Structure formats: C-alpha cells, structure tokens
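For reference, chains read A, B, C and D in written order, and residue numbers begin at 1 within each chain.
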Amino acid sequence: MVKYAIGDFFADGFFSPSATEGGNVGMIIVMEKNASEDQIRHVSERLQEEGFQVHLSKGVKKTIIGAIGERTPAVMESFEVLPGVEKIVPIIQPFKLASREFQEKSTSIKVGEAVVGNGSLQIIAGPCAVEGREKFLEAAHLVKEAGATMLRGGAFKPRTSPYSFQGLAKQGLEILAEARELTGLPIVTEIMDTRMVELVAEYADILQVGARNMQNFFLLKELGKIDKPVLLKRGPSATIEEWIMAAEYIMSSGNKKVIMCERGIRTFEKYTRNTLDLSAVPLIKQLTHLPVIVDPSHGTGKWKLVEPMALAAVAAGCDGLMVEVHQNPSEALSDGPQSLIPDNFKRLVLKINKISSVLKNDY
Amino acid sequence: MVKYAIGDFFADGFFSPSATEGGNVGMIIVMEKNASEDQIRHVSERLQEEGFQVHLSKGVKKTIIGAIGERTPAVMESFEVLPGVEKIVPIIQPFKLASREFQEKSTSIKVGEAVVGNGSLQIIAGPCAVEGREKFLEAAHLVKEAGATMLRGGAFKPRTSPYSFQGLAKQGLEILAEARELTGLPIVTEIMDTRMVELVAEYADILQVGARNMQNFFLLKELGKIDKPVLLKRGPSATIEEWIMAAEYIMSSGNKKVIMCERGIRTFEKYTRNTLDLSAVPLIKQLTHLPVIVDPSHGTGKWKLVEPMALAAVAAGCDGLMVEVHQNPSEALSDGPQSLIPDNFKRLVLKINKISSVLKNDY
Amino acid sequence: MVKYAIGDFFADGFFSPSATEGGNVGMIIVMEKNASEDQIRHVSERLQEEGFQVHLSKGVKKTIIGAIGERTPAVMESFEVLPGVEKIVPIIQPFKLASREFQEKSTSIKVGEAVVGNGSLQIIAGPCAVEGREKFLEAAHLVKEAGATMLRGGAFKPRTSPYSFQGLAKQGLEILAEARELTGLPIVTEIMDTRMVELVAEYADILQVGARNMQNFFLLKELGKIDKPVLLKRGPSATIEEWIMAAEYIMSSGNKKVIMCERGIRTFEKYTRNTLDLSAVPLIKQLTHLPVIVDPSHGTGKWKLVEPMALAAVAAGCDGLMVEVHQNPSEALSDGPQSLIPDNFKRLVLKINKISSVLKNDY
Amino acid sequence: MVKYAIGDFFADGFFSPSATEGGNVGMIIVMEKNASEDQIRHVSERLQEEGFQVHLSKGVKKTIIGAIGERTPAVMESFEVLPGVEKIVPIIQPFKLASREFQEKSTSIKVGEAVVGNGSLQIIAGPCAVEGREKFLEAAHLVKEAGATMLRGGAFKPRTSPYSFQGLAKQGLEILAEARELTGLPIVTEIMDTRMVELVAEYADILQVGARNMQNFFLLKELGKIDKPVLLKRGPSATIEEWIMAAEYIMSSGNKKVIMCERGIRTFEKYTRNTLDLSAVPLIKQLTHLPVIVDPSHGTGKWKLVEPMALAAVAAGCDGLMVEVHQNPSEALSDGPQSLIPDNFKRLVLKINKISSVLKNDY
C-alpha cells in the first residue's frame, strides 16, 4: 500500500545531513509472501549489525520486521535489495533541525528593524528586476508609501555573459542598497551562483533562493555559511518534504535563519502559471518552526489573481507576502503580466491589514 | 509554442453542446515551414467551404491562416490532419452559457430561504455519510446550532449491492428529509447513477455531483432535465476549463442552476490528500457567472488544515463552504480524519463570519 | 516520511470489497513524540478489541505500534484520529483477487478464437466511432487485411439525447455485429451507462470501460455480473493501485475476465495529449495476474507518435495494442489527429510482429 | 481555449537566447469582447512600432489581431497587459538552433571511437557513484565485458564540504580516467557547479547535467564554452519544450554537442520513482536534430523495471541507454534499488541488440 522507496527522498545522491547526527530513525520491512525463514533471519541479523532494534511480526501470510535505530537513509535503503524483502517503509520524517519536534518555539528572524515571524506580517514588494536606477528608486518610494515593509528586486540576469554580469550585478546591488538607504526598507534579492554568494551577502538583507535552485545543494551549502537570512522558494515540483529538506541543508551547514516561501507548484492546470498551494502555509507551521511567506505573483502568473490569493494567504496564516509591483507593467522587461500597479497594491495592503487584524483578535 | 490540440478539450468523443449553437469560434492554422502553395490553397478553400472567414499571413518562413466562424470543435480539429498543417490553435473559449461574456450578471440560486451567490456565504456542513437516523439527526442539530446554513450527508454507498442499495438509499434520503424538517436546513446529497436521478431529486434540495462523476456525461444530461440546483464538484484531474464545460453540459441540457465546488486536484504532493486550488475561486468568478463554493475537507484530507483553508477560501471570495463535521470522527465509517468535531466547527464559523464581514466592508 | 493517509486509497467512501473478506491486513501506528502512556495503552487496547495482533516498539523519542489483522481499511483509518496518534502507515496492498500473490498463474481470456494473454499479442483496431454502416464495414475489412485480430468502434455518443441514443446505439451495435459476421473479428465497444449494460453485453465480445468511468462504481458492479470480458482503461489521473482496485471491484462482483488497458495519464507535459506510462505494463504483470494492453492512440493524441509508442509497448511486454485506424482521418468525426491510415497501420503490424517474435525467442 | 501566457516559457527572467537573433516569431492577440476601437488601434500601432506585420480580423463578437515579426518573447509578453487585450497566443516554437527546421540533418557526435546518433546505439553503464578505486575498476571491466560502450560514474557528492570535495572529486575523476585507460570506454560524469567545469572537462569525455540542474542557466552557459559533449538530463518537472530550451541555451553559448537524456518526470503515480516519458524519444527526434538517450534506472527507480523499459526505449527509437549497474546493489552507497547486477545487465544487452537489429532492418 505504501509505494515509494526511501530513495525518492534522497534521489540522485542527495543526503540528509541531519540524519547522520542520529535520532530516532525507523523503518518497517515487509517481507515477500514466500520469504524463507533464512531470508527473514538474514535481514534481522543485518539490522542488528547496523544497530537497529528489531521487532518481528509473523502474520499468517506475511512477516513484517520493525526496525528502530539511528541510521542514515542510505543504510535503510540498502535493505530494499536483500533477498525476500518486498518493500521498506520509512516511518520517521527525514528532517530534524527544521522540525517542530526539534524546536517547539516558532523561529522569528530580525531583519533590520523588521521581524519575520512572531505574529508580524511582512509585505515584500517591488519590481521583478532592477531595470535602472531612477525607475527602481521611484518604485521603491511608491511601494513604501503604499505600505510595503521590505523591498524586492533582482540584480542578476542569466542572460548576461559571465564576464560582464558581475559588474552589472554589482551595479544592481548598489542601486538596491541606495534604495534601502533612501526608504529604510530592507532589501531582498536573488542569489543564483555559488561564485557570487559573498558579493550578494555584502549588500542584501535577505538572500533569496529561486525556485529552480531549491535543490542546488552546492549553493545551499554556501548559504549555510553566511550570517544573513535566506528566503527559500519552493521548487515548482518539490514536495513539501523536499522543500523542508532543502531548508535542513542550509541549517545543518550553519545558518538557522531560513524563511520558507510558497510560490506555486506545477500541475496540469493551464489557466494559471502555477497552482499556488496554500495548504503549505499551515503545513509548514505544523511541521517546522520556520516562518513562511507566500508569493501570489509567481504563484498565479496573473495580476488579476494576486489580490484574492494574497488575502487568502493571509487568512491561511502566513508570515508575509512577496508581491510584484511595477509602475508600468506593460513596459516591464520581465513578468509584466503578474505585476500590480502601485494603486492596486495600495488597496491590497489595506485589505491585508484588515484581515490580518481580525485574525489576530481571533486566535 | 502552443502545444495542445483541440482534441485535448474534447477528448474521447466529448462534444461541447453550446459550440454547436454557433458563436464566434475561431482558430489559427500554422502551416509547416515547407508547406506548398497548393497545400495552403487547399486549406483556405476547405475553411471557406466550412463557412470560416479566412485571413492569410505569409511570413518569411511560415504561413499562418486565421479562421473565424461558428463551427464545432470537431470541425476545427479536422483541419489538423490536412497536408501541410503543422498545428491548430483554437482561440475562443469553448463554453458559452456559463461564461461571464454570455451573462454579465452573477447568477444567484434560491434554495429554500437561502441564496447561493449574491454576496451571501453558505456553510454546508454535516457528516460524510448518513450512518443512522439518530446519529444523523443529532449531527444535524449540532451543525445548525454551530451556524451551518445547509446540511450535507451521503445517502448512497457504492459498497452495497445494487439490489439492496436503492432501499437503503431511500431510507437515507428519508432521514435527510426528516433532518430538514427538524432543522429547517436545506439538504445537499450526492447523486451517482442515472437510474436514481428522479428519486434523489424528490428529496434533496441540492443534488451534488461527485468529483469522480464530473465527466459522467449521461448523468450530467439527466441533471440538465430536473429543476433542482446541482452542486458540481471539480474532478481531481480536471482543468478549470473542463470543469466549466461540465457545467455547460448541464446548462445546455436545460438546468441553469449550477453551483461550482472546488475540492482539490491531484498533484505530486503527498502530505495532503489533494491540493486545494483556491485560485479556482477568483477564476470561476472571472470566467463564469456561476457561484463557487469550496470543500476544504476533501480538499486537504486532514482536519488540522480545514480551518486555515476554509478561512483562505472565504478571503479568496467564495460563495460558500462545504465542511465535514462528525460528532466522533474516530468512529466515522468514512473520511474520519478530515472531519471537524462540532466545537472546532463552531469556532470556524465565528472566524469565517468575521472575515466575511471585513471583506464585505472592503469591496 | 510516509505521508498519505489510508483515506487516500479509499477516498470519498470507496471501499475495497475484497478487504472485507479478510486476509493479512496490517498497519503501523506512529505515535506522537509526546504521546502519553495512557494514549499508547488506549490505542493498543482498541487494536486488540478490533482483533489485531499488537507489537509495541518504544524508541527513545517515539513509540511505534505494529498491528496485524484482518480488518477493513475503514477500521484502520479510524485509528488515525485517536489522541496521540501521529499517523498510520498501511503496509499491505489493498487488492486481493487481482493480485499475483492470490493467483500466481497469469490469467488468459478466450474471446472467440482469440486469446488475450498467454503469450499472444492481440491487435485491436478500428475507427474511434461507428460513423455509418458502409464506412465501418470498409474499415473493418481494411484493418483485418492489415493484420488486426479484433475490431473496435464506439456505438454510444454522449452527445445524443437519452431518448434517442438507445436506438442509435442499437444500430451502432448491429453494425458492429455485422462487421464481426463479415470479418470474423471479435468486437470491442464502450459501455458508459448502467442502464445499457445488458444491451451492450448482448452484442459485444469485450465491453470497454472508458478512462473517465474507471471509478464509476455502479457501472463496475454491473459489469461484475455479466459473463463477458471487460477491458478496463486506466483513468487519466488514476494511480496504478487505484486502477487495480477498479479491476478488483469488477472481480469481487463476480466477473474475473478483466483486461487492463494503459492509455496515458495526465501530466504537465503539453506536446502530448497524455503521457503514456509504459512502466504500467511490467508493473501490472508483477502486481497482478491480469493481461494488460496499451492504447498508444489516446495515449499520445498524435498519430506520428503511435508507431514508436506501439513498438515500445510491445517491447515492454504488453499482451496487446488498441490502435485507432481511419480511412480518412481528416474526415473523422472524432479523434482524427490520432488515427493512423490503413497503410501506416499495416506497416506497424509488420514491425510489431517482428519485435514480438524476437522477444519470444529471447525469453 | 488557449490558456497559458508567454511567460510560462520564460518564467523567472529566463530568456531565449536564439529568439533575439530574430526569426519568424509570431503571436495572436485576442481582444476582449468589449474592447473599444481605440484600444484595438492602440495595440495595432504598438505592434507596428515593434516591427510586426499586423493582420486584423474583426468577428461579430471579438477582434483578433495576428502579428508576425522577429521580436523576443519579452516583447510579445508586454502586449498582454495593454488595455483591452484578453490574451496572447504565441504561435512559433521558441527554440531555433536545436530545431529540426533549422537543421534538417540529425546531429551525430563523436566521442572517442564511438558515435552518438547516426543509427548507432550507445550503452552507457556503471555504478551511480565512484565509491572506491578497486571496486570501480572491477565494475568497469564487468560492464565492458557485458557489452557497455561507455562508462558512467559520479565523482562529486553534495554531501562533502566544499573545502574537501574538490580533492575527493579530483580523485574520483582520476579513477574514472584510469578506468578509461584500462577499458578503452569513454567516460560520462556529472558536473554540478560552475566552479568545477574546467576541472571536469579536463577528465570526462561527456559532461552530464543532472535533472535538478537542467535550468541552472549559469552552469549551462559555462558548458556552452567548452569543447566536450554535454549530456543534458530532462528536469523532473520540465516540459519537453523547456528541456529543448535548455539545450538551446548551451548551443547558443557556443557548444553544439548536446545529447538529450530522458530520465522520467514527476507525476502522481507512486509505484515508480518517476514516470518515464518514452514519447519524448520520438518527439525530440521530430522537433530537434539532437540525439536522445534514455535512463531507465532513474526513470523507474526499480531494477525490476529497468529491462522492460530499456527494451521499450530502444523500440521507441532512442540513440542510447544509460543504465546503473552495481556488483552488489545491497551495498551501494546510493541508488542501490535501481541498479542491475552485471548478469542481468549482460542479458539486457543481448536483448537490446536483438531489438535494435530487427528495427534497423525495418526502417
């Protein structure tokens, strides 16, 4: 009835860093109907050699072996190919540092004067990309006036050649820094390559990992070594568990300041660019102690859906929103169709705050 | 760049009833790079024979033919196999009666004293199945007290033999009717077989089409002939367009009282039973004039997610909720893990109403 | 790590018929980290009351309870909501009659002179729909000549009104019967409504359940009462397990002659109408004793992909193919773009037979 | 009817490099039902400003504007937000250098003595990871003897710290080189980080881009600058178009030697780790001129499915296979459950060659 192998979660050589630190890892081994006594004994012995506590349950038709220990997924997986084994069922979640069980108190993260988590609601807004100094500074002022609490903007573009982009990137980062100076808003910007972590960390208040990089483990490891918060977007085809495991990767490398960001998953639906999975909000809160924000702009791909989905995200209990705002979406160099104009954004902030305050009274 | 055939939308012989009634159906025919003049002429001539207005655009490398007319998808599809044709791109949405373009004013549906749509928020609650008279009447009282405005409960079970279930079903329907009598709440119950439409319509105030029957066209046609509202659940793998087409099916068969119900779609995510697609709420409101409600119980499969997702659905602008409530979920014969207990439900209703009233002031 | 509830497999009140007949059903109950001794005892006692053998494993951080017995999924699911329970992990597959464990020998099904299974390769071909007598008889002759071993054609159309379609249907069925008479080929045709099972069974050699009806349990039950083979198409969003469960439904209702048919699943890919899941072929053979055929026409939606995917299906070990062939696809009333012309089909049959014979020598 | 925005294909700032070089890019702009004359004129004028040829089609209810030109997707997308525009439908595929239209002749790539493409069938085999010198050399001999034509093995592990892994990696690469020396087989190994392209290119005959890195644009760009073939795995949630676009990225950066590798996509099915999409094989051959190989090991995650799916892939027309083979899968440090033992692999090679030769005679 349970059909996926441990390998699903550790595919392609991925390795849960915290699992090695031990803990209460367990699994159930279901033996084949015709498994011989010898095969059952062999599995039990190997389990004991690996330090597992073993519990045998012989049914009329099948034998089931329970094993509890502190071994890595790779060790557990190795039992799947022993003779007589039908399947393995892992029974403990593979993340640890991120889990609510490990730390009951919700994490809140200070960013300048602002706090992500702890009941506050951060509204991160701005254009998709930093397209030019004046335009961006104007946008920064507009979103601040409308009620944004942080500023977003992409400084890096994959389009540019690796020889030129660092210069360009740096210029983008400097514009971002200038905008922070002028507005007082912390800045959030994307990091896409291991070679630039140091540079971006120098400027940004929060480093964003894009959806496509969620399982770029080299990048996650580098981000584990800096002292800035990381906003980790969910990959478009990542399960919630894989997403938490990516957070675990950063945390186990040394950086505990991880902010989760739901931005839609890929489904068969075609009206929307992605299907925004709002159930991720309460799930992240139940499974982990990390703050979670929602990006309804990428999550839907259509500006007409941004307001209702932003309100829904707040009602679902998120710690913040990330919204694309552009003075003139029809001239935006990227992602115009999902950007709000400042007036719509202002209206949205008002509604968000109303819902947010009603809910606070409620809980 | 556009990659699916018309056939995607009319797969397996499905036929849009309203499309036959004409309208402004159109398509673009992209010719192959090496299409000959003869092939282009042949396609143009056939288009004209079929009554299309034809617009030729010859580019340097490709010829594109625009065609506007009033033909059925089957006719459009037939062009895809003509020599020299690379692909067809349909450009008008295939539904008509359900569309906001056809009827600008939102539909509201009277059910007893209640109204679905028109700014009201219906809360349909009750256990998954009618499991017995006394238990159900008790549940009915409890959900009414907690604030439900309609009562739900399944009278039919596929599990029973076809020789016995009609009797059982009738008994279930009678219990539902008794509960309505006692509480004054309209009743919503599922219809699963063409042979029982008449019987169920006699008792129920709203007939529910389950997710698995969304494309049971024989059933939809039968429901098009009755004078009771139909609550149409979205299929777990149905696109929003296919779902609207199913509504169109009922409507074109004569019954305009269709209520859409989002209940989650099937994705790769495993923590939740389904992924509740709340973007469907604003999309249904933008694309159609029909009311739309949300079922967070089936939509998540976990009672701990019901409250946040119900609140999110309200914030997204839905016209109602359908929530499973059970006095004792651990004894429920089906879907226990997704049922709220009455106390939790009561608390939920309070929160729903707060959000709902804040939003009303806002809009 | 294991993330779905039993309810996933028995959603919406679905009930595994064979599970009631007992067998070696089992589950693991993972208790919450902070579960009290009382909660653990309470769960254990209820398990014993329900007749389960209980095995307790207390780890440093968590307690895990193994339970083996002969109870239905509904009973197992009821434990998920007991206080202190984190989750339930079912560990035995929910199907029985269809399973390879229940019957080791592969099922082969006689249809007229032909045999489905047992190493033979059936090639079921014909147009999507019976569009007229002469045309269909011509098609029948053409596909027979080209090497088809069975004839397919749809007699029912959802488009027609319920008052007229039975007549039309009957005429279609009579044309099918005439084609069988003339060619000697057994006929396969779709059944879509419980009200017509008797009529169709009178004419058809194999009754086909369409993908959208795979979980129409009332229809499955009716098909369980007839003495004709049923070709069960996989639903576009059905897991392999749900598909086998649908077969189980027919089998437990009395009809053991079930032929599985893979026809593509719904994914995010857009070039193809569906993603043909050929891994279903060896999986059905490993998990069940039923024959399995493949429909590359619906499975891809593009005639240019039919040949390579048909050959791949044969190489993967299927027991037959179902291929749409039409004299003039551009005039076909449905599914033209995925139909082969007779010449292409003839070439395909030659290749199929070559691969098939090479593989036979190999195994 | 057409439901996705141009942005779907160029999401998150992705930019089609070849589109800038012009070509016959086109789109259809569907105006809203109530679009004013002014709005229509405004759109037309902006199109002309951007250099598009404009074709107006005024229907009874809607106006449709055809536009043909040589502009980038970003320019096309910018029209979606103009007043009165309902949607944009792009009508030309976004890739160019990779397309069969651009280069009719199939690309074949020399690797040592071997050729990928041009009718040959490459069998790339070996363990998932290089786990040690002796073991790997033994594996290399075993797979060569069994009929492999190339050798695979991963030298990099995300698990190790960035300070130590380069040394380890280098050692792994040296073992690979030694194995090539001894067996004469070209070696294929994965590259995961921009910082290591130079080093890996020094050793490997083919550099493999893993599924998770398919849209790591910085890495693709670096690979565009080397003179070694790149094996590009399809991302688990990448459409075929996105996958081809990733190839386009490498090609437009200067490296034309790209080999596509289908390795399964993520779907709702749970028995298999991924759903191997074999229709990708004929589609890549129809849409592009690049060779395509298949990885049935990762594509299924179960060694029992590797043989049937490998045979199916060959029958579907692939140019090669990539198969995991391990002397002792139960001791493999990663991906044991999907590895064949050498004996099974040997048997597989025999069958592959039989099918391959039958098909050659056929075509």
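The rule is short, and it goes like this: a residue touches a chain if its C-beta (ideal position, glycine included) is under 8 Å from a C-beta of that chain, and two chains touch if they have at least 3 such contacts.
Since the structure is predicted, the reported quantities are computational estimates derived from the model, not experimental observations.
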item	value
Partner chains shared by chain C and chain D (touch criterion as defined above)	A, B
A-C against A-D, pair bridged by the larger set of C-beta contacts	A-D
Far-end chain from chain B, centres as C-alpha averages	D
Centre distance in Å when chain A and chain D are each reduced to the mean of their C-alpha atoms	25
For chain A paired with chain C, centre-to-centre distance based on mean C-alpha positions, whole Å	37
Where chain C touches two or more other chains, by residue	3, 237, 241, 266-268, 270-271
In the complex with chain A, residue positions of chain D that touch it	3-5, 7-8, 10-15, 17, 74, 77-82, 128-129, 154, 157-159, 161-162, 192-195, 210-213, 215-218, 221-222, 235-237, 266, 270-271, 273, 298, 301-303, 329-338
Touch list for chain B against partner chain D, complex	1-3, 6, 9, 23-24, 26, 28, 30, 33, 53, 55, 57, 59-62, 64, 66, 68, 89-94, 101, 239, 241, 266-268
Chain A residues touching chain B - in the complex, by the definition given at the top	237, 239-241, 265, 267-272, 275-279, 281-283, 286-287, 299-300, 304-305, 308-309, 311-317, 350-351, 354-355, 358-359, 361-362
